[in-house]
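Pasting the structures here.
Here chain A shows up in two complexes: once beside chain B, once beside chain C.
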Partner chain A sequence: MGRVIARRLLQAIPILIGLSVLMFAWVRALPGGPAEALVRADASAAEVEAVRESLGLNRPIWIQYLAYLKQVVQFDFGTSLMSRQPVRAEMIDRFPASIELAVSAMIFALVIGVPLGYYAARRYGSALDHLFVASSLIGITIPVFFMAYLLKFVFAVQLGWLPTTGRSNARVESDHPTGFYVLDGLLTGNLGASWDAIQHLILPAIALGTIPLAIIVRMTRATVLDVMNEDYVRTAEAKGLTKFRISSRHVMRNALIPLVTIVGLQLGLLMSGTVLTETVFSFPGVGSFVAGALFARDYPTIQGFVVVIAVMYIIVNLVVDIAYAYIDPRVRAS
Partner chain B sequence: MALLEIRDLKVVFTRRDKAPVHAVDGLNLDVDRGQTVGLVGESGCGKSVTSLAILGLLPTRGVEVSGTITFDGEDLLTMSDTRRREVRGRDIAMIFQDPMTSLNPVLRVGVQLTETLRRHRGMSTGEARVEAQRLLEQVGIPAARQRLGEFPHQLSGGMRQRVLIAIALACSPKMLIADEPTTALDVTVQAQILDLLRTHVADSATALVMITHDMGVVAGICDEVSVMYAGRRIEAARCYPLFEDPRHWYTKGLLASAPTLERPRADRLSPIPGSAQDRIPWAQGCAFAPRCPAVTADCLAGPPPMVSVDDTHQHRCVNPAQPHSGPAPADKELMSP
Partner chain C sequence: MILTAGAAAVAAAMLASCSGSGASKTGGGDSGGTFVFGSSRLPTVLDGAYVYDNESQRVIYQMFDRLVNVKPGTTELTGELATSWEVSPTGLDYTFHLRDGVKFHDGTSLDAEAVCYNFDRLYNLKGPAQDLAEYWRISFRGFAGDKDSRYKSCEVKDPATPVLHLKERYTPLLASLASIGFGIASPTALKKYGYQVELSGDSMKFVGTFGTEHPVGSGPFQFKSWDPGKKITLERFDGYWGDKAKINTLIYVPIADGQARRQALERGEIDGYDNVAPQDVAALKGAGYEVEERPPSNVGYLAMNQSFEPLGDLRVRQAIAHAVDLDALLKANFLAGAVKPKSFLPPTFMGFNPDVITYDYDPAKAKELLAGVSNKKLDIWFATEVSRPYMPDPKSIAETFKSYLEKVGFDVTLTGRPWSPDFLAGIRNGKAPMYIVGLLPDMADPANFFTLFDNQPKRWGPLPKGLLTHIKQAEEAPEDKREALYKSLNQELMEDLPGIPYVHAPTHLAFKKGVTGFVPSPLFAESMATVSLGG
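And then the complex of A and B:
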């Protein structure tokens, strides 16, 4: 198991180097050159010169690259042009919110999707099966922002059950050592704060999780149908095991293998795709911030975002690989 | 009363927009305690479907099962699902054809073996492990303790079939059904597996139903043989009388098509003409009539009844082959594994 992890981490290095080369080249290909691109549009010639100096643009290109690499390794992307704060500080401030939201959305999708998909497969061809398949199609086709507005209107505005916007209620006192509010509440023994953060997460998580939910329902249904026809499930039946034992031990364990792939890919997508949901719920995550940065041509922020997202994709993939090795012994052997 | 009594078993697969398939069509079969019965026939004759019907493993949708299967005094077809799961694996166990796919790839051998012991014999995890090791040793697996912690892909095909046999024997079942247990294995391993089954059946009073299309396997292990064709038994006898003196033309053809050591290698085998698809419904006459070399008008005058040659030999042919007539049937020295 340790070797699997070590190998995957080593494989991440060339990916990150490739990415840094791309980013390095991209900044140097910007209109007007990197120095002009990295300052605000109304900057004076002296300011541009200062940036040029700080970037060391008069040095050989490979030294420039190494210097750049050194900065990237320290997650130092300079100062945001929009907020005039260091990009790193902005990221630390906002990424936990988006991660918390993406993970909540995935938990929602899994907790609802896997049982539904399993049930549909067991009742293959029945009215309920058709209903689940049809509604999962609807789930995929509803745009995220529409779903978000709908949920907000019904459950927050009309019924008033859940908060409309934000991550937490200002009147609930809380400390945030990690930036993950639910976790923070648990760590500081402030369960009220955790509960408040969860309430704020419910609607955005459902809005964001609807598409993965639909995909997981279909995927689970298809793989469970496959696995149920395997010879080893017939062997398990022939042993006279209980239905529960057969489904939990023999069917689901095997059906998890393709499911883990989907969950990994979807989780990566969710992290970088929270913009619409965050906007509707005024959720202070990274998505809405980066959307603003794109319009403002805030290149330092965009660079930082791209690198952090890449690192997170690599981490998610690593977790997926570890999960594979845990579930399927044949992966461990190879 | 026999341990297993099958009466007028019919299994019909219904298909949308197509004629239903009568996989098993009025089968009668008795198996006594301690007896080894061979169920022989070509692909599609209903052998495997019969075994799945006994265990209750047929799909519920699109399948109609009728008749009775009485096992140890209880009708398997009408008992509750819960009761059936108790009987399955404890009183009736099954060994499947393909050891490569019949073990769960993500569970350790030990888990797959002990779960049966814990379910049916109420053992604790620790007791089950000790017993599992004993079972693996019993089926001739070396380093059994170590094997318990391994996964199926770490074992060879023969080893996997031994594990499956150990699983089947775990609760000392009253009856064991082996569905072509040696087909997927190479010849030397086939012989070992058959030896293993033979020894076990001789030591315990387990009834064994051996489903096969291999006459060599039948000759090697069975007390009695039932030959199936088109979902019905067409001839039944003790093993050697059947080989010596087959009465039904299908049995005769089956024996003649097996290679023997006496015949020169250059000789072509004599196959039965046509395929199992060329059949007529039993209600109209003998299902084998379209392929039979001795067909007469009588063959098509309704379902042929079971006729007794003696106490142990019956057949379903209106125009039976005479003893030692026609093309020489294969004798005892078949190419047995």
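And then the complex of A and C:
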């Protein structure tokens, strides 16, 4: 197992270097530049040139790249042009928000999707099964932003049950030792703050979790159906085991194997889905910030976040592989 | 859909049954004087020396006083920290008489020494900090060591009398000193926390923490906390020299989308917000919200860069002006309250001239002027991904211009570019033949509008030399001569016609029911100290 992990980590190095070169070249190929983005609207060309010079943008590009690489290995991603905060501080601030949102969306998708998928498989061919399959197909096809607007309009604007924007109520005082607001409330004994954070998470999490939910329903249904037709399940039934024991020990454990891969991949995809959800709900996470950075040509932010998100993808995939090996002994043996 | 929406409904219903109404229960306007304001974004820094945008100004304005300010809701200058002042006949020496007993939030005294420390610190900014100090550069042109700096020194005549000495006359100085760039900060805090700026990769970072964690001024509100990206919290300063703020706590939260700001107001998550979308004004008023309108003090214009043919020909520019029905354009793109301009300078400013040459809607005359002109190709640039009071929907305004211009025989191409940096850089570098843009003033002086023409030569192409000379003369002339000079400049400008001013547009803020005391300002000089939440 150790060798597998080490090999995967070594494989990640050339991927990251290649990615950093691509990012660096691509961002600089965009029209306009950081100096133009930094000055006021009516600045003169001479003022822009002065800023270019201060920023070192007139140096050869490879020197700029090496300087950038040197900073990156020290986890210094520069300062955001938009917010003028260090990009690292923005990351520390915003990643917990998006991770909290993505995890909430995944919990929503799993808690509802797995039982529904299982139920549909057990009632294979019934009207309910057909309804679930058709609904999940529609679920996959609804764009995230549409779902987000719909939920916001109905449950926040019209019914007024949940907040429309942000991550917490501005009037609620709270401390954030970890940046994960729900957890922070629990850690600091401020249950009101935790509840407030949960209220702010519900609609974005549902909007973001819709597609994974639909996929998980279909995936669970398909794998449960496969597993139920396996010989060992028939054997277990013939042995007279209880239904619960058969489904928990023989069916679900085996059905979970492909599901773990899907959850891992979906978690990665959810991070990109946060762009739209966070924008609709003005949720201060990574997605909305990077989207803003792209429009503002905020080079340091774009570069920094892309590198870190790539690292996260690699880690998530690694974790999925390990989890896969843990659940499926055949993978370990190979 | 049924599945997912159903699940959503179940989850939300469960929640609603146990929580009741979210935000309105936990807070609300009646929660002991906390006012939550929805901005489109939070400031970049809370040191007025380094900002040049309305969202930063909005917050900084509450914490810092200036030597002079504008009277609420007007462009007329009045004393703030200075109760009176004298300008020497040469226009080079400004003597201010300070208000007695003013304290900074940290308890130190605001005296002449503190004032001079502030000016000297700006003059002595180094390296990248100079790039950010826009207000200083506009007013004093250069820093220590620069030959062309207007600043000479600041003298402490006595503890209540600082004197600013200039190397050359700059008459808009007082108007400029009323901007947030010249808010007087506590020297003790500046020294203790620092205000240095350093290069960091492709950007600049604030090394000193004065502007990020410890901004200390003498205004009606003092800094409490800044949760980057989420909120800034200010508290009433009970040691304020003037009328104390009516609300205890003032919180700014960022909500980028205008529709989301409206929804947040309607849900009681915020108590007020700026930049109300024009289409929301009537609905909010109808629903009983307090809607405030800023006097239309900006200008939107269609610029014509004379380096590009056929725009170098005055007859063509005149034909363009005659071809467009501005009344119809305003009706199609703006709300009632938008004003059709006489010239670039709005009527709220000194030097406004109602009797300049005008170009009425007259397609026949436009065609007549175009007789003999063979090149009738025009390229109008408009900005995408942006909305400004003077161009709520730039594309729609561009299309209106195009339809009128094509009626008189022009062949018009529309070019959309992202606002920053593509569009702005295109203008600055002289790549846009015609473009729709505008100006939001931040200084109570007509120079604000006219520097547009001599600051970025490439954006206009060759302008008459006389015009540029007269702009400089008007900036430097003694106060009593300036009004006449600006009146004549307006005429001169409209004769040369480097662009067609099409609107002075009002902007709106909305507040929850019962909020009173907000005075909208044409220069965004808006204090929250007079605001109360009501019942």
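The working rule: the second predicted complex is superposed on the first by the 266 of 334 C-alpha atoms of A that agree within 3 Å, B and C clash if a C-alpha of one lies under 4 Å from a C-alpha of the other, contacts with A are read in each partner's own complex, and residues count from 1 in each chain.
By our rule, a residue touches a chain if its C-beta (ideal position, glycine included) is under 8 Å from a C-beta of that chain, and two chains touch if they have at least 3 such contacts.
Just so it is clear, the model here is predicted, and its values are computed rather than measured.
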Query raised in the report: So, does A:190 touch the first partner chain B, the second partner chain C, both, or neither?
Result: neither
Report task. Go through the superposed model and pick first if A:230 touches only chain B, second if only chain C, both, or neither. Result -> first
Report task. Applying the touch criterion given at the start, work out whether A:79 contacts chain B, chain C, both or neither, answering first, second, both or neither. Result -> second
Report task. Go through the superposed model and pick first if A:89 touches only chain B, second if only chain C, both, or neither. Result -> second
**Report entry** Superposition-derived comparison: chain B or chain C, residues of chain A touched
**Finding:** C
Query raised in the report: Which of the two partners, first being chain B and second being chain C, lies in contact with A:261: first, second, both, or neither?
Result: neither
Query raised in the report: Who does A:138 touch here: chain B (first), chain C (second), both, or neither?
Result: second
Query raised in the report: Which positions of chain C touch chain A when the two form their complex?
Result: 1-5, 7-8, 11-12, 15-16, 19, 21-24, 26-28, 31, 34, 36, 42, 44-45, 52-53, 127-128, 131, 134, 137, 199-206, 227-231, 251, 253-257, 260, 263-264, 266-267, 269-270, 385, 418, 420-422, 424-425, 428-429, 439, 452, 455-456, 458
Query raised in the report: Which part of chain A faces chain C closely enough to touch in the complex?
Result: 31-34, 36-45, 47-48, 50-51, 54-57, 67-68, 71, 76-86, 89-90, 93-94, 108, 112, 116, 131-132, 135-136, 138-139, 142, 147, 150-152, 155-157, 159-172, 176, 192, 195-196, 199, 202-203, 206, 210, 213-214, 217, 279-282, 284, 288-289, 292, 295-297, 299-300
Report summary line: Residue positions on chain A within touch of chain B in the complex are 125, 230-232, 234-242, 245, 249-250, 253-254, 257, 327-330, 333
Report summary line: Seen from chain B, its contact residues with chain A in the complex are 55, 57, 61, 84-90, 93-94, 96, 98, 101-107, 111, 115-116, 119-120, 151, 153-154, 164, 167
